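You will see two complexes here that share chain A, one where it goes with chain B and one where it goes with chain C.
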Partner chain A sequence: MPSAARRFGDASACWFILPCLLALAVTSLYPVGFGLAVSFTNWNWGSQLDYVGMANYADLLADVEFWTVMRNTIVFASAATGVEVALGFYLAVQVDKLAIRTDLLRALIMLPLMVSGIVVALMSKVMFDPFLGIVNHLLGLLGLGPSAFYGAAATAMPSVVAVDVWWQTGFVFIIMLAGLRGLPIDPIDAARVEGAGEFTIFWRIKLPMLRSLLVTVVIIRAIDTLKVFDIVFGTTVGGPGLATEVVQTFVYRTAYSYQQIGKAMATMVLFSLLILAVALSLQMLQRRGEAGR
Partner chain B sequence: MSEIRFCDVGKRFGDVEVIRGLDLGIEEGEFMVLVGPSGCAKSTTLRMMAGLESISSGDLFIGGRRANDLMPAERNFSMVFQSYALFPNMSVRENLSFGLKLRRTDAATVAGEVARVTEMLGLGNLLDRRPRQLSGGQAQRVALGRAMIRKPDAFLFDEPLSNLDAELRVQMRGEISEMQRKLAATTVYVTHDQVEAMTMGDRIAVMDKGRIKQVGVPTELYERPANTFVAGFIGSPRMNLMPAADLLGDAGPTVDPACRRAGTLGMRPEHVLVGHEAGTVGIGQARVIRMENLGHEMHLHLRNARGRAITARVGSETCGGIAPGVTVPLAFRPEHLHAFDRTTGERLP
Partner chain C sequence: MSAIAALPRSARIGARLSLGWAYLFSGAMVLFSLFPVYWVLATSLKSKRDGLASPPLWIFDPTVANYLKLWTHETFRHTFLNSMIVTSAGVSLSLAIAVPAAYAIVRMKVRGRDIVGVWLILAYMLPEFLFVLPMFSLYQWTGLYDTHAGLALMYQVHVLPLSIWLLSSFFREIDPAIDEAARIEGASHWQILTRIYVPCTMPGMVATAILNAIWIWNELAIALGLTFSKAQTVTLGVTSFRGYAALDWGAMTAASIIAIIPMLLFAIVAQRHIVKGLTLGAVKG
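Up next is the complex of A and B:
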């Protein structure tokens, strides 16, 4: 009798979740399926639509430009994520130590998050302008030579990374500060009574308790920076040359400038596999940490 | 081992003064219990001893040395928390050896001490487990072990048994008392449970609203409470406290004039006698409202002619014929009366 009830219950559950599954299929699976299908064609946004098999993928994998773009994306994501997480976490630790009200400080650090990516890009473009920008003016006051910033291959990528760091560090800061403030106080007090100093308490007590949250923040920032578009598009449009071209701007150019929708879709499929791999490996790291605890 | 002494200590959190004029001495090797209701600042007092809270005014001396500004690590105390406060990312073994390793104790000594404490507390098969894999009792034992392992000058306990079930609490109560007796260590134990206070402490300090109401050995607190607060707080069921006229009723003229003049009289439930005997004084009839049968004894909740609630504790075998709704005569022996001042609530001699 209980098993019959359970079977009945299972069937009911299926009917209840069916509408959600259908909605999910239409909104998520259809675009994914459509994109995948188009990646096997030479569609040009017009009447040309022939099945080309794996040709788009083969072309891409043999294309030096594609690998440059992939490398740029990974370099940007690694640098931006690394600096944002390190800086945001450091700021959170320092603000957490302050014995005064930190509302204003927190608001200031979070302020850049309120600004849209394109506005951030435009503001930075003005500030980093080699002739009119305030940054070169300030560097001049310090006796340092002017920099081309976005205009030179060597400095373009660090400049884009710097702008993303300015924009998104507040996100890491606020999440990690919430994590620090939410830590149970008793183990920290116990460590203090046992004789631990502030560094030991941070390294051996607080950090292990925050590990899960930290990995989550790294996953979020890694995926977000891998998908970067607005900052690059608004500042360098991928230039000079291919110095800052990332996957999203490459796909945009391929699809809208060259009308190679099939190739653009193939790029997105390969890129999605990269993001999936990054997310899975970070998640595995997180699970291993949790199992260790 | 350390003597701990508070001299006119005050503690403020912003504009709120939580402790005022605290004077308390804890002798070397003594088991002192701080007891009081929630919010009476007993845990704050303990945390000031540990160095986890600053002292706003007055002085704290540890082993004769002014300790107001000493860091927790410099006091060489161990503390056991209500939440156990084990380090969640470390195994039991790592939790136990944490303090020793911080002091750069050599590996052989650490292993030896871990083995000693493990054997003493029966933690042998738990050494590689993480705190989340332990039951409440096991976690509390590990917390005890962590406190014991480095032979501190004093043990501080902050309501360590509050999260345990009743049976385990009784068992752990015995183990802590036994440990304290063996180590002869200065121990300060915070609890809101007066049974723990009475059964464990050499002396008890009863606190209320940031002030110490009485310090004394358990029998002194029970038999000669210094004020109505202590009289009501120590003892279960609590002492019957009420205006003299309401308790004595028509028996007023037969008792000591000092008692009659007292604002408040108190009588322990076990001293409320059901029925008259030689040498007792009758205090009129009372109606039985409710009866609580504890097996070996019965708690009678009564209401006297003046509408006052009175609790009597009697042996179960003496309750024949008593039932809710029945009216019974009450009496007492004059030497069992406690008299308190009407306005200050302080004990009258």
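Up next is the complex of A and C:
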């Protein structure tokens, strides 16, 4: 830190950062504290408000529906993150080879990212319509299908995953392409002179250098897909049955339709712990990878 | 191509094949990204009969009837306007708060800087309904429920962390020797920030504002939880067409296209900024 900081001390720094702390306190500290307290009650938004201890947590952990919802969320997040990272990274590697200006191509591939989740959801309802949708029509031309998509328990989850893949693969692509373009050219040229093939160069030189960035992208996508709400809310609303119910749609239903705010907050607290655990373990993986090199 | 020519014959064929595949695959992915948007646009331009034709029509008489109908749809127009207000308010608020905060974090001695850093990550990372449900009751007590101001404030939980990460990395690029010199001339921190840092990082400010605007414009869960009618945003306006899925594709697809357009304009005008912001955000976050 330059000496200027030392000379002028903390007094004005406090005023610079105070609005930020206030805004964060109101929008995150207060709700987390209040929500944590509510999770130990049977509050129904109204006058009913009794302390029930750990009852909400105990009920949730014994509830088959809760575990189904958790499993659905994890299945969705793993599948969507896995496909998006693999596809986005592979695409970045391919585009990196092209000998043309790729600005337009990049803009077109990131187009889905500009679309809101709810619009993506409604678009998919038009395209996945079992009777009149274009996707079943195209599948028919290939001699496949028709599929019920959102209409059947077996195909509903894969359909939602496919929609997320369409929506978010561009994010992985943009980040990994920037990573590939930012690699130092010298070690790669040196390897090429030594007679290494493109395959070897990718696996032995480029991938190890991009490892940390790749894990970062996995963390971002994993957290984002665990929090999925819009595309489920806009398509299946959790159905058919509970086939696609995920934590945030479950909580929305519990809080706003059933008015069980204590139970909803207990779910959110447990879910937040899961997200923290996922983020921390992935970050440890990243640290270990960096230390190992 | 000269790099390929220098290779031995068998490797040359391999390199050509690999390059050909790269073009083919990239092209296919562009098609994959564009086709749904094209198809929904086409559907929005079909008459009701053409829209529900089986098999789906590739060639049809385009009509703007669905858009005209949407224009007279009072509620949808209202939500579009609300989103413009909330997005501008949310973005302005986030910059007003994040610019001094990022400056303080980068160039001033802030006690507990690491705690602020962790707090930002948590606020950004934790799920929306953890915040929204408790805020629902607070907003009802304080009268912020279903208002533009309440919504713009709540969006800070997500846009502030991102803004501070992005702005700090732009501010770090400025040579600290410049503020030393300005300090010696008698400039205050506030003057250094507004006269040097803000003008020097204008492109970064724009990138930050655009990413925040896109996020707020597209957000659903918070708006769903904290508005009812007066302040409903365009994502909720679009959601209200969800039930029409089987009946009126024209209205639903036209509403979708209208909701996308402002963000598409952003994407076209500011592609570089968005890419820069996304990339930096990923590296910092």
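One rule holds in what follows: the second predicted complex is superposed on the first by the 266 of 293 C-alpha atoms of A that agree within 3 Å, B and C clash if a C-alpha of one lies under 4 Å from a C-alpha of the other, contacts with A are read in each partner's own complex, and residues count from 1 in each chain.
One rule holds for everything that comes next: a residue touches a chain if its C-beta (ideal position, glycine included) is under 8 Å from a C-beta of that chain, and two chains touch if they have at least 3 such contacts.
From a predicted model like this one, the values you see are computed outputs, not experimental measurements.
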Report task. Scan A:T200 for contacts with chain B and chain C and give back first, second, both or neither. Result -> first
Query raised in the report: A:A190 contacts which: chain B (first), chain C (second), both, neither?
Result: first
Query raised in the report: After superposition on the shared chain, which partner residues are touched by A:A13: those of chain B (first), chain C (second), both, or neither?
Result: second
Query raised in the report: Is A:V64 contacted by the first partner chain B, the second partner chain C, both or neither?
Result: neither
Query raised in the report: Of the partners chain B and chain C, which touch A:A23 in the superposed model: first, second, both, neither?
Result: second
Report task. Would you check which partner chain A:L142 touches, where first means chain B only, second means chain C only, and both and neither mean what they say? Result -> neither
Requested in this report: Classify the contacts of A:F229 with the two partner chains as first (chain B alone), second (chain C alone), both, or neither.
Outcome: second
Query raised in the report: When the two structures are overlaid on chain A, which partner does A:M209 contact: first (chain B), second (chain C), both, or neither?
Result: first
Query - Comparing the two partners chain B and chain C, which touches a greater set of residues in chain A - result: C
Query raised in the report: Common interface residues of chain A with chain B and chain C?
Result: 197
**Report entry** Complex contact set, residues of chain B against chain A
**Finding:** 47, 50-52, 72-73, 77-79, 81-89, 98-99, 102-103, 130, 132, 146, 150, 156
Requested in this report: Note which residues of chain A are touching chain C in the complex, please.
Outcome: 1-10, 12-13, 15-17, 19-21, 23-24, 26-28, 30-32, 34-35, 38, 45, 90-91, 94-95, 97-99, 103, 105-112, 114-119, 121-127, 129, 131-134, 137, 166, 170-171, 174-175, 178, 197-198, 213, 216-217, 220, 223, 226-227, 229-230, 233-234, 247-248, 251-252, 255-256, 261, 264-265, 268-269, 271-272, 275-276, 279
Requested in this report: Going by the contact rule at the top, pick out the chain A residues touching chain B in the complex.
Outcome: 184, 186-187, 189-197, 200, 204-205, 208-209, 211, 292-293
Query - Residues on chain C engaged by chain A in the complex (per definition of touch) - result: 1, 11, 15, 18-19, 21-23, 25-26, 29-30, 32-34, 36-37, 39-40, 43, 52-56, 93, 96-98, 100-101, 103-105, 107-111, 116, 119-120, 122-123, 125-135, 137-138, 153-154, 156-157, 160, 164, 176-177, 179-180, 183, 188-190, 193, 214, 217-221, 224-225, 235, 238-239, 241-242, 245-246, 249, 252-253, 255-256, 259-260, 263-264, 266-268, 271, 274-275, 278-279, 282-283, 285
